[in-house]
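Note sheet for the following structure.
Naming follows writing order (A, B, C, D and E), and every chain is counted from residue 1.
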């Protein structure tokens, strides 16, 4: 398995606060890795660094383009997204006043061309392109059982469904790597179990690398092949689920006695 | 050198007028994020009130000033109640349009009732010019300058030190949460309007006295300038509004003194844009970064 | 697009609005918006004139007395509204003549519509030299005015400043928000034989001129030429005097209003001069003007402003034209207006020249302690 | 290809509506129902529609609060005035359109690139300032004849040209909104950070909407100048930008249909009120406040007239 | 009985969110409301604290109808609401946030007392006293929100998903805190997705689905119920 993402000595300082300190990690192709840690450990900040939402204070981020690992430190968010990064957000960030379908279509923006002249003059080829991407979007929505809500406004969906839509939107970008920030937050155990199945399914179907943050241990321990634990910005531990579950420092800092 | 100091005085006294108006703007904006377009017109109402009570009821200056503050405060509350409160949960741009509507209403209503010509403000306070080494300043200029500084301090104290001030700050960040700790939303917002409008009323009387000329459209230009001042200073910030006001006053004076009076406003706007590009939230504005 | 454009309607040219039971005079006026102050003064003058005429039985149209119906519309100081108002007046209301608008901008905007309908207009106060002219330089057949044009007034002021006041260095401070201030300033600078030491501008609605005045202070000037309106000029005079600038301040007819001295303060309004056709002092010698002044005071309880006088004259010029032509058809009124000669107006004896400008004597009035202390006629 | 065929049907419908509108107008003028006064009112309304649809694109769809629309309108107006005074021919007139649009696009880029980084009211105030700067420059230039403005501008913009340009700009904007570009700018409006994370260069797209809006404003300005034959810097002040904004908000931010409706309602109101003198603006103001208080999201909210929906409804009913 | 909700109906425009819900809370109890997303839990809480006006039904607090009272008056009467999503005051320091919690309290001495009590309970807040509340981590913000609600010394505390987004170790701590608050005499109405933990510490519970009460009982009864287990406990 080849390394797709490599992080070296990454650091982020906000004012006086070091949110991420000297983090190094690697993700391999088709891996499903979890990132856990106490509140305020810097998990979301790490996501923001990797996806270019904020610039790092120090350290390097490399991503595999073709056969080489290239630094993406100085790239803008949208350029990084174009390389094949997709993500969801801790506080859902859907395009609320747009339909479910449009949410997905926006994510596909860079996969089709539709020049200004062509769309304004409505050449037949315009409709052909629209047809094509519409079909793609619909197929994708169908996997998540969302095609029936296609023309609903995103804001009118129940919370759990919104979280699912955010994942679909990420997948619509045809990413190589997908970052999920607390996908199960606010879901009850049954919904969480559904989500767990879904994530596994898409990871296998689309062959993408997934890095997810989650506080729900049933999901993490079920899904993750490897786990990184962050505490106060630093890597506290890494390993397989069972290793992590029995790690004293992780129990002390994060899991608590019951696990 | 003498010219320089004279221009400095000119700039400061012009700036103090903008600052006086900007304070009211910034308060209202700070709390409900509404560009209260009608603020300049409340100032006009204050001037007209002063005009009438002095001419007809022969009020003295202080009485005219205080009564104008009371009347304008009441006007502000009534306007808020009728035109803005029903839109509390509507998009902000809707409230902006009603604010514009209120502004049109006040300007044209006053023009209808009293005619649109300029009229002279009764000179209840005799203007005295002091000459300090060839630099002139009048008692009224001083008065305005001092008043705007004092009002700024009082406002800052109200906001930082009083219970109402804390309520105002709470409302300005989160309505629901403010109510949940027991803040009376409507009362707090009414209070803010009363305060801001009372200050505009005071400004109306003082500026009426200073320039000796009032008309129904007098609030328009200074209103926009004051808003620009509030933005430059960081809208929502009391010291920012004052600073912005003085900055614009000094800038206009500078531009005119070098002979570019035709481009006076253009220069102000260029500086505004440049400042916003460097500090997108104004000089004292808090840069509330969204946490992703 | 071409096909659609091609088949638009060809408008049949009508030859003006014939007169009906009454003579209809439309008023296209700035009653709201930036120039509302001037517009409302003019409306007062117009109403006074019309009421006087109607009280006297109306206008004698070829032996038959016909009363005037006034149709007053607001153009809110906007060019597009002015065009729309004019169209409504000439087409819907079928007016025989129009008085207004007050400003050159609104005035020019109505020209296409009134020209198409062959209805003449008299503007009491549009002062741009080119207002009455077409692009080719030919005169606009339906456009007249009752006031001076800027070049005339500006150059008169320049002559007065140089010859009578014997100034050598002046500063010019002009209203930059309409053609009036800039036009006068341009004409002044062209004619003035001395040196223009500084040239600055202000905007309508400005209230603080201290910075500009301070910058004039060490320019060693003998006078300030400040073309503009009394609302700003009153403040300029006041602030100049308070800043210790005591040189003559020369202005234009926009200053000819009792409010100037009220705003400036009587004491400050000294050594102030302005060109004007209408002078309260001249008025006391002119019967027509005197009657107007009294009637105005009686009706509105205030001194008549220049703008009311000009508007009053505009209405009476139309009356004069109707009487000469013995017809109140709009096209005829236009012809009559072009022939107005030695018309006895309250702003002086008016003759319409070939460019439809109002020629009349010009006076320079002097203010001392807020009162007109002298009036010199400039030839 | 079913979609293509269906859409062809809808597009033809729109085309028929537009042509029908033209012929109705034409006939009414011919038989004298519409005189030059009503024509004037319509033309003013149409020009306002062009302006307000463009502004709605910027504010309603791209979510960028611009208060500087009058500045771009001024550019178009002055370019047309200057060019057609030099070259008084239909060719010159059309050329002035193109030049006006080009100048406005350049100005929009100069204004937009730095300021579009600002948010909300800060952007509004910056664009308002930019428009004022444009106006003040025009006010002090020789070629624009300073504050006196320009008059005797040859009239090439007859009502049919204005009508056609209104249709054309509306088609451009509506088609833009209902395509990839439109979806993208809406996403930028909804959430910039999320849009960036979708690979969207938000700066570029905001600028695109801003520039497109400015270009249509320039076209409106050209028409305004040529139809009225008189322009002055004061026609393009802050108040003009505000009155365009009023149309947008009154109609419903994000509804092109609403913009049309509001432009008509306000246009008619404005004309009716001409007889009220000083009271005119008082009544207007009260009307404005009442409409906003009772319909806070504008006359139509975000509702759009859609022929497709109409068809579907008819179909459903007949089944 | 401290609170009784009778036939509560709440609408959002045309959407009927609560369709006639009744329940009671006795003094000193912890009562849980559980239910899937969108069941209407938050809506009920908002109606109690006056943020939403019910369409019909009554809310009786200590013998008085409060359904038409304004929020500040309800707060003054002793109900405190920790809203979903925390709603702390960004831009105000931690200490100022807490002081805001005692907004209606006039006695400075008492405010100081409450403040030190809260600091005692949440020592981290003391450490972050002067920090801008917006920069706190999720867990810290949650403590701040609870601390703020306690500043007014409420008789009835409404908690809306206090454990949302918290680390496992923290979830345990929050539940411990809730129990101690109860022991000190405050009645608690608790909403939780983490039904297991919530029911464990609850005296009684109500199960909500699509705006209606579907089931009720003591915490133990509900925990043992197979239907509840299946849907809400992931069993």
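Here, a residue touches a chain if its C-beta (ideal position, glycine included) is under 8 Å from a C-beta of that chain, and two chains touch if they have at least 3 such contacts.
The model shown is predicted, which means the values in this text are computed figures rather than measured ones.
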item	value
Greatest separation from chain E - chain, by CA centre	C
Maximum centroid distance from chain B, chain identifier (CA atoms)	A
Gap in Å, rounded to a whole number, between the CA centres of chain E and chain A	32
Computed distance of Cα centres, chain E from chain B, in Å	42
Averaged-CA centre spacing for the pair chain D and chain A, given as whole angstrom	41
Separation of mean Cα positions, chain E and chain C [Å, integer]	74
Chain B: positions in contact with at least two other chains	108, 111, 116, 262, 265, 292
Junction residues of chain E, two or more chains touched	none
Sequence positions of chain D contacting 2 or more other chains	139-140, 193, 278, 280-281
All chain pairs that touch each other	A-B, A-D, A-E, B-C, B-D, B-E, C-D
Chain B - residues contacting chain E, complex	163, 166-167, 169-170, 173-174, 176-184, 286, 288, 291
Chain A residues within the chain E interface of the complex	14, 17, 36-41, 90, 158-160, 182, 185-193, 215, 217-218, 253-259
Chain A partner contacts - residues on chain E that touch it in the complex	36-38, 135-140, 161, 164-172, 193, 195-196, 230-235
Chain B-facing residues of chain E, complex	49-51, 70-72, 75-76, 80-81, 83, 87-92, 96, 99-101, 103-104, 134, 148-149, 151-152
Of chain B, residues touching chain C in the complex	3, 6-7, 10-11, 13-14, 17, 108, 111, 115-120, 123, 127, 129, 136, 138, 207, 211-213, 215, 217-218, 220-222, 252-254, 256-259, 261-262, 264-265
